[in-house]
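Structure, as structure tokens:
Chain IDs A, B and C follow the sequence of writing; residue 1 opens each chain.
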């Protein structure tokens, strides 16, 4: 109900108060990241650290830039003409936007799962094998495919017919196939862009369990418009909001349990309690 | 199975509650022991231990809220969490009553006992049985048992009346004993309150299983 | 609720709704009539042609060289010429056209140059074939001194069909959902790996359709070939060695048909009708093949 603009707020708490940096080692360190689509600025001055082997959720209303931020993390935004990024996105101390960095090398380590399940129109086996193959994997492909499918909790459902088209699977299975496809490259991080928005509640919960399982091995960053989902699966949550002229900003960031039981910023509280706008 | 994290958190928090019940049970039986044996050291120990019980209650509450905030429990899960919240409050208060008994043991110090303690330990025994039984009923989701346990509160109340009358007679006959007798009435009162709180736990068992909140023990006292 | 009066409801069309529905029904018949008009024309034309030419079709008609005598004339050299011309055109045009389409859609930086190139291709697709004939005459026949040869003819037709093939291929590539590219790039595939493994296979049915339609157009092309001088009397078979065959003069079925229709004798007009029937069967078979290939692909993908 109260959606006060930043400028109207008389006493803005200091930034550091709203950003609780996660403890332990981090996989990403963002420093003053701003991002433009052509002339339109989409992200403004975002700095945050993303912890290793944890689930970090990005939440916020539509148009707050959470997906844009996610796609900055593996240079997926490069594909869009006319984009520009300022600041640095450090991945294990390397700025992935430095001149000598190859985006293909970046994406090999930082996989991605998309909003709508997008398996290739090929067999289940080929779907999973593709990533390993293009990255020059020379070992036992069957073994790699099986391992990835098992990791994605899909093996038991598809093992007897790996030749079946990936498109013949149900929505939830397709999304897990996409996760298996990302895993086959053995990435360090998986970025998930609203991975359950096209799925029914049961399939959604399955993916969430899978996320909790995967995070023992790798780092996951998930964008979700479903706050409950962020609450359920993530260890850290970042709340974003489009500020003046629609520039996405990081409002509050900290351990999920704190953000959902005791948010420090009124706007965060309004959003997670459904009183926003 | 889905919602593995949630299931784990739910069972953890209930285990915490059972552990807390064990702590309370120990505190009550030790309190009576300290009272009986004039064991001041044991009594002091109970008073310190109560801090741990209180802390456990706050930890459990925080954990409950966290699960509610992050896992959106509904139906049976929601009733479980609400029950845990209420039961831990009751347990914490029982712990305070046990602490009260220990404090009385300290106040009585090594003054000679008025008479052999029979009814008060008996009250403690019944209360502890009720407490243990109520949590077993919770664990087994056994409402029939919960309803039976509730009725034992009358047993405790009857014992309390008897203790009260005996001590009153003592005080009338010999005003010398007034202070010590009053202390003992307080101790008995603490036990009576403990049994009352066990009935709350039994009500929570019924609520947990049947979803109804009802007053089980319409006491005759 | 008790005692509340509920108005009776009439759901039959009355008043304005009835009028609108009547118009809607009328429009349906009107549109049907229009499409039938086109079909009817085709049927009548087809009937006349078959009536004229069907009796003329036999094995000799296919295996005889052209002749001054209508009843001895056949399609041998023009059919072979058509096959050579189309084969060469396919080999020359497809790589260039599909390559251009891939470059435009997948690789080209989105700038003014690209817009200019795309605009030009669209314009070229609308240029009348006779203009390509003049271009072919000037560039290939005269300047490159190829003479009115199969190579010159094929090059001319290649130029002619490239724009439309590019546009059709572009459309097919555009139909490939971006999510497929993203899925591929996200596992660390390069742009080329993405195009080769996912974009091209998915776009292939559309590309094939476009290519076949272009080939059909080339198969029926007359003006451009006549323009470059392919109007010879051919009474020999082309060598099977492309190096030699490509230098040969040639004729094609459409040219042969044109040749026959301008003669006054009735018998030659029958020849023309027979040739038209055969050409139509060939084009129809071509289109059918395209449909079959497309369906086959759609099933595996």
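Following the convention adopted for this analysis, a residue touches a chain if its C-beta (ideal position, glycine included) is under 8 Å from a C-beta of that chain, and two chains touch if they have at least 3 such contacts.
All values reported here derive from a predicted model rather than from experimental measurement.
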Innermost chain, where centres are averages of C-alpha coordinates: A
Between the pairs A-B and A-C, the one where more C-beta pairs touch: A-C
Computed distance of Cα centres, chain C from chain B, in Å: 91
Rounded Å distance, chain A centre to chain C centre (Cα mean): 47
Set of chain C residues in contact with two or more other chains: none
Contacting residues of chain A [partner chain C, same complex]: 74, 76, 79, 81-82, 104-105, 107-109, 111-112, 114, 116, 118-122, 130-131, 134-135, 178, 181-182, 184-185
Residue ranges of chain C in contact with chain A within the complex: 109-110, 177, 179-190, 193, 197-198, 201-202, 301
Residue ranges of chain A in contact with chain B within the complex: 202, 205-206, 208-209, 212-213, 228, 231-233, 256-257, 260-261
Touch list for chain B against partner chain A, complex: 2-6, 65-66, 69-72
